[in-house]
Structures are given as C-alpha cells and as structure tokens.
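Both of the next two complexes hold chain A, though its partner changes from chain B to chain C.
And now, the complex of A and B:
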C-alpha cells in the first residue's frame, strides 16, 4: 500500500492526465489527421476525444473494482505468472514511449533551433533532470505536471495571431468525407492524445481515488480543447495544399506571431515546450520504474537509473528521421491495439471475474 | 585581598572542589567572611556577576542574619532564583552563567547558588535589515530575555509557550522555542524541539547556525526558515500558528514552517493600504523574475537567436555592441562580477567609505568600461537594473540566493540559448518542488494549490478577507475571527 504522505489530491489527476496527453504531438498533428479527413478533421478530434473519454471511463471502472494498478488487474485475471509477464510488456511500452517523446522533441530542436545540437549531451542533461525530479517522489512529478499546464498557459495567446490571416471558409462544406476517412482520422488522432493510460499506474497514489474520476475527464476535456483550438486554427490558416506540406503546423503558425519586441515567436514556443515534454518523460520513467519495483521488489531508484541509462543510449543511437519514424509506426500500432482491443478486453474480463467471485 | 585568611581557614569540601576547578582563572574570586553572624564562604566569576546585586541584595542579608543551613539563604535573601544543591556539575555550570556560590562554614553539605547575573546588552534599536517607513520601529537585540520581554508585551496571553533548550557543547547557548498553544500544530512544535535537541555542535554563535543545522535540506541555496529581526513579524506569525526560534546572542529570530512566497513579502505590506501592498508585491515578483532572467536572455539572444528581436531593436543593440570584442557571455560575466564586487566591497567597508566606493566605483567603472569598448551600453543598463531589482527582495538571505542563482542561468544561456534558460528554470522549479520547510511543502500555495492561502501571497487582500490561518501550517484552529462580523452588508442609506 502507498503511504498517505505520498498521495496526491484528486483534482491533480486533471493535470497528470492532461499533461501526459499533450506532448510533442501538438506541434504537428494537423497534417496527419488532415491526410484522410481534410478540412473535416476537426470532427475527428472530437470523435477521438469521445473515444478517449469512453476508454478512460472503463479504465476507471476497472481500477475501482480492483482498487490497485495494472499489476493487480493482470494478476487478478491471468494469475501471477502470466499477469506479471503482461505487466512487463506494459513496462516496455512505457519505456518506448519515453524514448519516442524525448527523441521527437530533440528532432524538433534540431530542425528548428539548433541543427548542431549534440543528442547525447542534451539527452544526458534532460534525463538527469527527470531522474532528479522522480527521485523527489511522485508528489514532485505531479508538481512538474501541474506547472507544465499552468506556466505555458500564455501560449494560448499565440493562437490568436494566425486568425488575422485565416479564412473560415476553409472549413466548409462540413461533413464532406466518408465514414471510413473519418474513422482513419480518428484513429490517427487517438494516437496523438495517447498518454492517459498512465492512470493504470498512478491510480493507487490518489487520495480518495473515486473522487478523481471527474477530474480525469476534465483533464481529457482540456486536452481536447488544446487540440481543437490548434487544429481548427491550422485548418483555417493553411490552405489544404499548404497543410499537406507543413510537418510542424503549430510551429509554422507561431512564426507569424509578432510583438513589439519579439519576432520569430517559435523560438520561445519551442524552448517553453521543454516544460511540456519534461513531465511526459518523467511520468513514463516513473511509471516504468514503479511497476518494476512492484513486480520484482527491487529498489525503485536503481531501476530508475537503469532505465534512464537505457533511454539515453537508445535515443543517442537513433540517428535519423527514418529510424524514428519506424519506431513511431510500431509504437502507434501497438498503442492502437492496446487501447482499442486490450483495454476493453481487460475490462470485460474484470467484470466477469468479479461477477463470478460475487456469486461464490 | 583576603588571601591571608584563606591560608588559615579550612575550606568546606564542596567549596574546595569548586575552588580547584576555577582557581586558574584570574577573574574567579572567593573569600571567607568571618565577621558575619554565621561565617560563610563566597565565590563567583567577577566578570559576569552584577556587583550591584551582590552588594545590595545578597551580602547584607548574609552578614546580618543568623543562618542555620543553606535552605535559610533561600528564605532570607530577596532574590527569586536561588538553588540549593551539592552537585558539583550543576554548581560549575551555574557559576559560569553568573550565579554566586555561598557555603556556610558549618558542616553543611549543601551550598546555595544565587543568581546575580550581569546583563550587558545594547538598547533596543530600530530595524536596519528590514527597515520599514511605517509601523513599529523596534528590533530584536542579542539578549534572549529582552527579546522574550518584547514578544510577551505584544502577546499577553497565557497560551504563549516558551520552551528553553541549551545547545552547543562549548557555547551552552540558550535557545527558546516559542509557539501559541491551541493554535500551533503539535507536530511542527515537536519537529522543531526534536531537531534542536538533536543538534551536536560545539559552538552556536547565532540563529543562522541553528537555521543551517536544523533546515530540511542543507544542500539547497534557498533558505527554508525565515529569519527576521522584527518582533511584530514574529508575533504575527506566532498567531498564525507558526513556531519561532529565538537564540541567545542573536538579534534574528527564526520562523517556520514557511513558504517561498513569504520570503518576498515585506512586513510593511501589512501596515499600508492593501491595494498598495498588493501592487508592491507584484512589483517585487516582477523584479525577481527580471533580475534572474534578463541578463541570461540578453546573452541567449545575442549568442543564438538574434532573429528573435525586431530589426529596429536589433539596430540599437548592434550599434552599442559594435566596438565590443568580447562574446556576450564574457561581457555579461564581466559586468555581473563587477556589480558583485561593488556589493561585496560596500558590505565590508564602513558605511561612509562604502557609499563613496559604491558611487565612484559604479559610475567610473561603468562609464570607463563602456568607453574602453569592453561592454555595451545596453548591457550596462540591463545589469544595473537587474542588480537594483535583486535588492528589492525584503529578506536579506533570499536576496543573496537570488543573486547567486543568476550565474547558472547565465552559463546555461550561453550553452543552449533560450532552451538553456528553460532548462535551468525547470531545474530550479524541480528543486523548489522538492524543498520542504519543517516537512511542509515550500511552494505552497501554488503547488499544492490552496485558494485560501493565495489571498495573502502574491497580493494581500484586506484584513476582513483574511479570516483563516494559512493552510500549510496545519493549525488546530483555522479561524482567526468570524468573517461575518467583519463585513456587515448594509443597504443604501441604512
């Protein structure tokens, strides 16, 4: 059991869920969803959000029944041996997530700010900071999540600048795409707002976890709002042909922000984005090391150092865009099946299990 | 002077032991009075005993009253603190704190220790470190008794508890822990008492020693206990439920638990209109951010991101930097270090010389280095403003911390530009998140978010709105007063 001293208030679930969903994806998701759904892709954002709400809901149902984390769920359904094996796969999933988030952010840095940036050195410092934060305990990790939502709030203003040059007619006609296209866009979108599954790890760290349910949903709503604003702004700012060629649409929109003493706002944006990426890395590192501790009964800090070292080496060895894309593809596929097949399966299994148990 | 007596008379055993302990000190004094009704032996350290008390209130009574035993001394001499004992350790310690030892020349095993301590302290002065234009003008002094007296007068309630401890193997410093019973959280009090009694250190000179030893994280540049020289501040936080530590020999009291925000609130904020104090607090917050960030941003922009600034402003910057051969980081470090030198020299020199050095040094070096082409005008202005801003921090120790943490920011700005600044900021944020003050979160009320405490953090709302004590103190009694009485809602013309 987790000591009460290390638990967080229920409302903080909003920040944890939301910040883990918002990551590097926001900087360039517009092109990906527009590929299949074009100017209707904003509907896909809403549909994806509804899916996430549903998935989050069944996760909470499962967690409330089990009153533990994913390890308990696995062990309940599959028994200790197979259950722990599956939890190990989830740990690998979290570690890959860490690598991808870190490496994609570094990619943005290299493309937009410092082409010569040394991946090894920067990853080392970045992971060092993450390890320092996680060593302070979950409370400190959540603190960073909190600030990563609160401090970059000023970036909202940046969404107002492109409006001057946008044409709302880009959105018309509405519902101009087939259901299949919409479904594809929704799938692509879901992968951008992935990250809420971290609830499967930190649920036991919430004081009165039942009360956090609504806050978690508010968190998803906030994320949806961010994506919706960024998505719609991009759709009306870029023409469809332009958007196809713009990899980092949000960054390109920041380029036209102009203030009396600031030109090229994207520099400020990208630098501030570190605060947004940092909690993602922290949460998945924390989650992976926490689960390892619980399964193998080892010291969490050693596991943390080991994983951080592993992440450092892998992200240093990934040298070009192609390799990152391959990893991204695999991760997306796994994430898709994990969310849409595995989670509902776990949910049904848990339901049946508790039904049977209650009868006995 | 009475040496010829001592040769003849045989000292009682206990007295002999004490005499042997102290006789090598030349300020130790002892004599035998054979003229008294009951002959007795007296000894004391002349340098710490008030001779006025000795001659007016002790010796006359001893000389003219018949005494049977040491207990009688307790009855007859009109001084409250008289101890009758035969323990040599106690006698030794008491003599060293200004007690006079008296032993009757009978076969009495016990001796009496009479307190007649000489208190040499300076007058209660005006606060110099935390000066305020309005509000009370008294500051703590070095004497513990005087300080306690000032506090007691401001808080005449029986719930105000004073727990006295002695710490320091050699200095035997008296440390008083103050709290208001029924308001202060027992856990906080217990933590403080426990940590102070655990102190194992030879010489405690000042409250800063205690602060450094009992602080939650010794390796942090941030002070985690507030120190103040204002009795009004101490009293007001005692009433909020915090714990104060007063150390004998130190004019600074320590207060805990505290938060980062409290270090940026001057106590004068409570003496002026709340609009003004809120405004000043915001100004101070801005000043801190400015002082930490502005030079690093200059370095970052001129080293990496000159596209960031519009070309009109760029022209100004380039013109002023045209003659400068140094890279921005060296230019900035040179000026920052100059300012630090001026500050340090000003702090070490006597006031009048210090001022002259400050003005001459500042103006002459500044102008000359610009003319010599070592720095640009713009950076000179920025650095001077940043220095000025850093001095607005009301608590001196926090001001020093602010001045220190600019340097890592500068260095990271030179390595990774804006990214480095954000990195350093995240590091600072993570550090602050990990800090605690007596086990309570240091960043409260921002994280964990406490709406009630925000009323008196970055702004100060009027007193009628501050009806609850701060949450992080975890006081037993949250309510300061009934808010309904404070704000009676009236209709027009009623």
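And now, the complex of A and C:
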C-alpha cells in the first residue's frame, strides 16, 4: 500500500492525464491525420477523443475493482509469473515512450533552433533534471505536471495570429470523406492522444481515487480542446497541398506571428515546449521505475538511474530522421493495439474474474 | 575517496560539456542581417542574387550594404556571398524578396520554396516581381530606414490601406497549392529613384503570364478579397464630372450554379464607400444617385473585362474553382478545368454611398 504521505489530491489527475497526452505530437499531428481525412480530419480528433473517454472509463472500472495498479490487474488475471512478464512489457513500452518524446523534441530543437546541438550533452542534462525531479517523489512530478499546463497557457493566444490569413472555406464541404477514411484518421490520431494509460500506474497514488474519475475525464477534454484548436487552425491556414508538405504545422503557423519586440515567435514556442515535454519524460521514467520496484522489490532510485542511462544511450544512438520515424511507427502501432485491443480484453477478463469470485 | 570521485566526475562532465555542448553564437551586433534579396536571371541556368542589409552608423543614420553573387540555387547565393562579407551573413531577418520579370516568367516556386524550407525565415516575407532587374532596386538606396525596411513598409501600407491585395510568402504558397486558384504577386518598377507599384503579376501554376495594370487593381482587389480600403476616381458621363470614391467595406459573393449541365458563376460585388472628392458644385440626391450608378457600372465593366482576360489566359486568380469545389460535393475538377475558359461568369454590383463628407 502507498503511504498517504505520497498521495495526491483527486483533482490533480486532470493535470497528470492531460500533460502526459499533450507532448511533441501537438507540433505536427495535423499533417498525419489530414493524409486520410483531408479537411474533415477535425472530426477524427473528436472521434479519437470519444474513444479515449471510453477507454479511460473502462480503465477506471478495472482499477476500481482491483484497487491497485496494472501489476495487480495482471497478477489477478494471469497469475504471478505471466502477469509479471506482461507488466515488464508495459515497462518497455513506457521506456520507449520516454526515448521517443525526448528524441522528437531534440529533433525539433535541431531543425528549428540549433542544428549543431549535441544530442548527448542535451539529453544528459535533460535526463539529469528529470531524475532530480523524480527523486523528490511522485508529488513533485505532479507539481511539474501542473506547471506544464498552467505556465504555457499564453501559447493559446498564438492561435489567433494565423486567423488573419485563414480561409474558413477550407473546411467545406463537411463530411466529404468516407467512413473508412475517418477511421484511418482516427487511428492516426493514436500517437497524439496516447499517454492517458499512465493512470494504470499512478492510480494507487490518488487519495480517494474514485473521486478522481471525473477529473481525469476533464483532463482528456482539455487535451481534446488543444488538439481541436490547433487542428482546425492548421486546416484553415494551410491549403491541403501545403499542409501535406509541412512537417510541424503548429510551428510553421507560429512563423506568421509578428510582434513589435519578437521577430520570430516559434523560438518562444519551442523553448516553452520544453516545459510541456519535461513532465512527459518524468512521468514515463517514474512509471517505469516504480513498476520495476514493485515487481522486483529493488530500490526505485537505482532502477531510475539505470533506465535514465539506457534512455540516454539509445537517444544518443538514434542519429537520423528515418530511425526516429521507424521507432515512432512501431510505437504507435503497439500503442494502438495496446489501447484498442488489449485494454478492452483486460477489462472483460477482470469483469469475468470478479463475477466468478463473487459467486464462490 | 567518495569526495574525490564526485569532484573528478564533475570536472570530467564540465570539460565534456564545454567541448561538445556548444552551439554557435549569433550576436546581433556581430552578424549582417540580410533584409532584402533580389533574384535575377544570368546566362544559362545561373541566377544572380543581390542582397541588401542595413548598417547602422554612429550618427544613427542607416546605410545600405549591398552584395552581389551568382549561383544555381537561391539560398546558395547567400553562402557564396559569405566570402565578401566581414561578418557572417544571416537570413533570419529577411522581409522582402523580389524577382526579376525574366525569372518570374520561368517560374519562381523553386526560389520561394528555398525561403519556406528555411526554419529561420518567417512566412510573412513580402514577395514581388520587378519590371526589369531586381538588382536595380536593391542597389538603389531607398528611404532613410534601409532598402529592406522601406520596401516592406511600402508593401504593408499598400496592402492595408490601398489597392494592393494582401500577399506574402504564406499566401503565395497557399494559393499555389490550392486547387482551383492561381497565385499573384505585386508588380513593381523603379521610376526616378523610387519604387512604384505598377500592378499585379498574374501567375499560372508557377509561371508569370500576365499583368493587371494599376487602374484595374481597385477592381482586382474587390474580387479577390473582402473588407478593404482603397480609392477610385470614376467619370460620371451624364454630368461630365469626376468623383473619387473611398471604399470602406467591400464584399464579394460568388455563387456557382449548374445550368443545363454547365457550371455558371455569378459574382456580386458590394461596395460601401464615402465620397472623398467631387469636381462638381453640389452633391444633391440626384447627383449622388448618378455617382452611385456610374460607380456600379464601372465595377461591372472593369471586373468583367478582367475576368474575360483571366479566362483567355486560363488562369483563376479569383479562385472560382476553389469556391466551386468547396460549395459542391463530388466536385469534378477535370470538368471544371475543361469548361473554365468559356464559362459564363456574370458580374453584378451594388454601391452604397454612406456619406458625402462634411460639406454638402
């Protein structure tokens, strides 16, 4: 059991869930979903959000029944040996998530600000900071999550600048794509909306966890709003052919911002984005080390250092665009099946399990 | 021993950080910020680039420094110019890019693409086509704030308050990539040591094909944009007087209908303005009615002529095709293209003169 000292208030679930969903994806998801659904892809954002709400709901159902985290769920259903093995896979998933978030952000930094930036040095200090934060305990991590939502709030204003050069007609005619295209676009949204599964790890850390349920849903709503605003702005600001060629649509939109004292807004945006990325890295590192601690009964500190070192080495070894893309591709595939197949499967298994137990 | 290891590690990490973790400094005072670039055609495939940058003198005046070089690619020119410049040339502050007519006739998208590909260049850069050589304008020390600033403000105020339609790098690309819409750029010329906006260069795909001359710009802007300022002097034949009308609000309403299986377009231009100058004695109701009628006829006549010209050249700067494709489901682009040249396009107009100034 987790000591009350380390627990967080239920409403903070909003920040944790939302932060972990909003990551580097926001900077360039528009092109990916527009590939299949074109100017209707904003509908796919809403559809994806509905799926997330549903998945979050069944995750909560599962967690409430089990009253533990993913390790307890696995052990309940599969027994100790297989259950722990599956939990290990989830740890790998979290570690890959850390690597991807860090490495993608670094790529943005290299392309937009400092082409000669040394990956090793930057990752070293970034991970050092993350390890330092996590060493303060989960409550500190949640504090960072809170700031990562509150402090960059001013970025909302940046969405107003592109409107001057936008054409709302781009969105017409509505529902011009087939259901299959929509489904594909919704699937492509997966990588962007992934992150809320962290609830499977930090659920035992919430005081009165049942009360956090609605806050978690509010968190998802906030995320959806961010994606919707950025998605629609990009769709009306760029023409379809243009969007297809724009890798980081959100950043490219910031290029039109002109202010008397700021010549180029995207530098402010990218620098602020560090604050958005930091809790993502912290949360997944914390999650991975916490699960390892629970399974193997080792000190979390050593696990944390080991994982951080591993992440540092891997992200340093990934040198080019292609490799990052391959990893991204694999990760989003795995994430897709994990969310849409494995989670419902776990849910049904848990339901059956508790029915049978109650009867006995 | 433990202290020794910690100190040793800190020293090693610091040394590594300072050797590998550096990025090049770009101190504003130590770089030359290119403010405008002109591209002209040279022999063969080569292009000639002329860049101008402001140098700030001790007595607060600004001098223009000009560099000229040749290359095959637009941005490569700047790299070639580095060996003429004492301080490194940086392109992040670019505000204006001009292209010689010869280059524009062969297609400027590749050069515009070079600007768009560079993360350091904003998308609010003004583009323009020069009647003659762009180098001539770059070399002609304009204004007292440096040539680049001067050109930028010239474009800016003409787009905001005069007859030049809004256009910059982003909008140029937007139009270029939108199906059923062709792009255009301001057309400028050096006249008596001053740069003058002579009209609008019309593009078909990426090549310049025609010009809208100065007197038609008022009507051209009325067709491509809403909400604009501008003035036009109309001759009222019935009373043989001239009236100058200042436009306050202008709206266009374009409808596409199918008549006997053929698309038919109707464009309605609504203009709300004030009488800013009148050569006659008094402005009673009858004369105002005459002026309104005269202006309405003028709009229809001139716009119709412009549209005929577009159809003849098979270009669509107004974006009839774009409007049709967004207002119809299952839009047949190929059929539209085939019928565009002899499509029936009706122009109607309505003028509201809301006031006649402070005298009667």
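The rule is simple: the second predicted complex is superposed on the first by the 360 of 360 C-alpha atoms of A that agree within 3 Å, B and C clash if a C-alpha of one lies under 4 Å from a C-alpha of the other, contacts with A are read in each partner's own complex, and residues count from 1 in each chain.
We adopt the following convention: a contact is a pair of C-beta atoms (placed from the backbone, for glycine too) under 8 Å apart; a residue touches a chain by one contact, two chains touch by 3 or more.
This structure is a prediction, so every number in the text was calculated from the model and none was measured.
Look at A:274: by the touch rule set out above, it reaches chain B but stays clear of chain C. In the superposed model, A:146 makes contact with chain B only, not with chain C. Looking at the shared chain after the overlay, A:122 reaches both chain B and chain C. Of the two partner chains placed around the shared chain by superposition, chain B and chain C are both touched by A:263.
In the superposed pair of complexes, A:114 makes contact with chain B and with chain C alike.
In the superposed model, A:194 makes contact with neither chain B nor chain C.
In the superposed model, A:173 lies in contact with chain C only, and not with chain B.
When the two complexes are superposed on chain A, the residues of chain A that touch both chain B and chain C are 113-114, 117, 122, 125, 258, 263-264. Of all the residues in chain A, the ones that touch chain B in their complex are 9, 11-12, 109, 113-114, 117, 122, 125-126, 129, 132-133, 136, 139-140, 143-144, 146-147, 258, 260-264, 267-268, 270-272, 274-275, 278.
Note for the complex: chain C touches chain A at residues 13, 16-17, 20-24, 92-93, 119-124, 166, 168, 170-171, 173-179, 322-323, 326-329. Those residues of chain A whose C-beta lies close enough to touch chain C in the complex are 111-114, 116-118, 120-122, 124-125, 165, 167, 169-170, 172-173, 176, 237-242, 245, 252, 255-256, 258, 263-264, 266. Contact residues of chain B toward chain A in the complex are 304-305, 307-310, 313, 416-419, 421-423, 425-427, 429-431, 433-434, 441, 443, 447-449.
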